[in-house]
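Right after this note come the structures.
Next come two complexes built around chain A: one with chain B, the other with chain C.
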Partner chain A sequence: MTLLAGLQTRILRYRISWAQLAWAGHRLSGIGVLAFLFAHIVETSTVALGPGAYNFTQGFYRNLPARLGEILLMAAVVYHSLNGLRVIVMDFWPRTTVHYRSLTYGVVAATIICMVPIGLIMITPYAPWGGR
Partner chain B sequence: MDVELRILRFNPETDEASHWESYRIAAEPTDPVLNLLHHVKWYVDGTLTFRRSCAHGVCGSDAMLINGRNRLACEYLVQDAGSRISVEPIRGVPVVKDLLVDMEPFWDKYRSVMPFLVNDEIPEDGRERRQSPEERERFDDTTKCILCAACTTGCPVFWTNRDYVGPAAIVNAHRFIFDSRDTASEERLEIMADADGVWRCRTVFNCVEACPKGINITRAILEVTREIEHRHVG
Partner chain C sequence: MSTGRTIYFNPSRAARPQPENAGFERFMWYFMRISGLLLVLLALGHVLIMHVLVQLAGKQIDFAFVSSRWGTPFWRIYDLLLLLLALVHGVNGARIVIGDYVRRGGLRAVLIGLLVVISVLWVLLGMIVIIFFNPATAPRVGPFS
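Now for the complex of A and B:
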């Protein structure tokens, strides 16, 4: 056993495969996006209390940690969407399950490829080259 | 080569909880893990309890959680397992003693899908029910199941919901649902369309990774779901 496999066996009692990780990631990203949606509803509803209250809640987003959280949120949305498409493809065409490993790697790779430019655009206002 | 074998042991008469015991064994790289268990039982501790029958990957009685993944102890070789090997009973079913589990919950699920050919009609020629190679091919993959339970007890959905019928039962339902000679596929699809039937599958693929016979179990499950949708069952 490799060290990683040994740790997984001892802590989780079952060795995690990429497909299992993809499933856990799908659940976690879904819960994360849903949690943000609820927070977003609460935060935007402060508009009913007047401009002062609304501007106050919007101020929570105008800092680096919040922007990093937004990038994470974006990554969750992208991953959840792409992995959802993978599941839909397998649901409609069961033959494609033969390639489940490649499809899983593809989703992870596509998420990373999408998030590089998105992340750069989102972090630019807070980066040294962003001029802030 | 020198192997450290760790076994999760449990004696219901003396232990309150299971515990690990380690054994150092000299083994050949081509030895299956089952040989190591035999060595412990025959030369070190005769109380070690586990189930095995043919020891050649046919009967499916020695499915165990080896190095964190469900496998057949008789098929998994030391050269693939490495010099540190952990062996536990399969999960999701009650442990009777050491590596021996109560398979009755698994058999209950298996029996619930009517895993036998149903056809009371008399064949056209009065002798046999003919089937083309294409019709036979439709369910070829799922005929390979040896009922070892590696798939069902490796499924995270089954770990958390013991009412889930499980991959093995669905595989055996698939084997008859798509058999052109069978006349009870509608009835089986009704069972599969139940809340704890095929819809519980989350395409985690642990079953596919665990199957010692290489059955594409997730494909079989999805084919049954498609059939339920096509026939508007449930």
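Now for the complex of A and C:
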């Protein structure tokens, strides 16, 4: 931690707080999910062109890099949801802002805890124990 | 008091404080929170069903899967609501991010205008497909068949 703090002060001239990371993470995950949504609308629309076209576009997802991307997308949605709930709680019950630090730790911890079983389920077809 | 750019302390650090004056910006402030609450259920439900439950059930998402899913009005309404809320929520967020980083008025207007035009086209495409999709009349032949 001291090495990380030293690098932060040397490069950025200040230390990044968890609150700033939470804010940057909320924007980054939001923009990422929106970018995927635009692609997802086009890809899903090929269903109107029949089974040939739709099953072809779905084939884009059936490989390891795409599955890793889907896990990242899932993490972005989970984080954005939980952090968004924190923002709503703090906006409508201002007294909870006193605990913003522990609430932020809670959001990060909950995201990681949720993503462990979800990530394991999603990676299973490509994992040694999944057998494909 | 005001020196061009407002500096405020917002302990949530993940959004902006409620705009003081009634109008579009304050409406969108409330919209982001209310749609966000609904999207926690709709979007999280969508990804958990499509990526976790489908995986656990050993199924695959293909033409037959979508045809049977959109065979019930419930999932068409669910997907339509998700499409509209997610796109407006996301595009408004992107508009705010553009406004924060692009300070030049002209360039900012062009970028936001482009974003809005593209989003309208995309939302129309999505709505037309969800409402009018009919597996019986979908072409069986085509460049990919």
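Here is the rule we use: the second predicted complex is superposed on the first by the 117 of 132 C-alpha atoms of A that agree within 3 Å, B and C clash if a C-alpha of one lies under 4 Å from a C-alpha of the other, contacts with A are read in each partner's own complex, and residues count from 1 in each chain.
Basically, a contact is a pair of C-beta atoms (placed from the backbone, for glycine too) under 8 Å apart; a residue touches a chain by one contact, two chains touch by 3 or more.
From a predicted model like this one, the values you see are computed outputs, not experimental measurements.
In the superposition on chain A, A:Arg95 makes contact with chain B only, while chain C stays out of contact range. Contacts of A:Gly106 after superposition on the shared chain: neither chain B nor chain C is touched.
In the superposition on chain A, contact of A:Ala19 is made with both chain B and chain C. Residue contacts after overlaying the shared chain place A:Leu34 against chain C, while chain B stays out of touching range. Residue contacts after overlaying the shared chain place A:Ile118 against chain C, while chain B stays out of touching range. By the touch criterion defined above, A:Val87 reaches both chain B and chain C.
Set against each other, chain B and chain C touch different numbers of residues in chain A, with C touching more.
Common to the chain B-facing and chain C-facing surfaces of chain A are residues 19-20, 23, 87, 90-92, 97, 100.
Residue ranges on chain A touching chain C, taken from their complex, read 19-20, 22-23, 26-27, 30-31, 33-34, 37-38, 41-42, 44-45, 47-56, 58, 61, 70, 73-74, 77-78, 81, 83-88, 90-92, 97, 100, 118, 121-122, 124-125. By the touch criterion given at the top, residues 11-15, 18, 33, 36-37, 39-40, 43-44, 47-48, 51-52, 55-56, 61-64, 66, 83, 86-87, 90-91, 93-94, 97, 118, 122, 125-126, 129, 132-133, 138-145 of chain C touch chain A in their complex. By the touch criterion stated above, chain A contacts chain B in their complex at residues 1, 5-6, 8-9, 12-15, 17, 19-20, 23, 87, 90-92, 94-95, 97-98, 100.
Residues of chain B that touch chain A in their complex: 65, 67-69, 81-82, 84-86, 88, 91, 154, 156, 202-206, 208-209, 216, 218-219, 222-223, 225-226.
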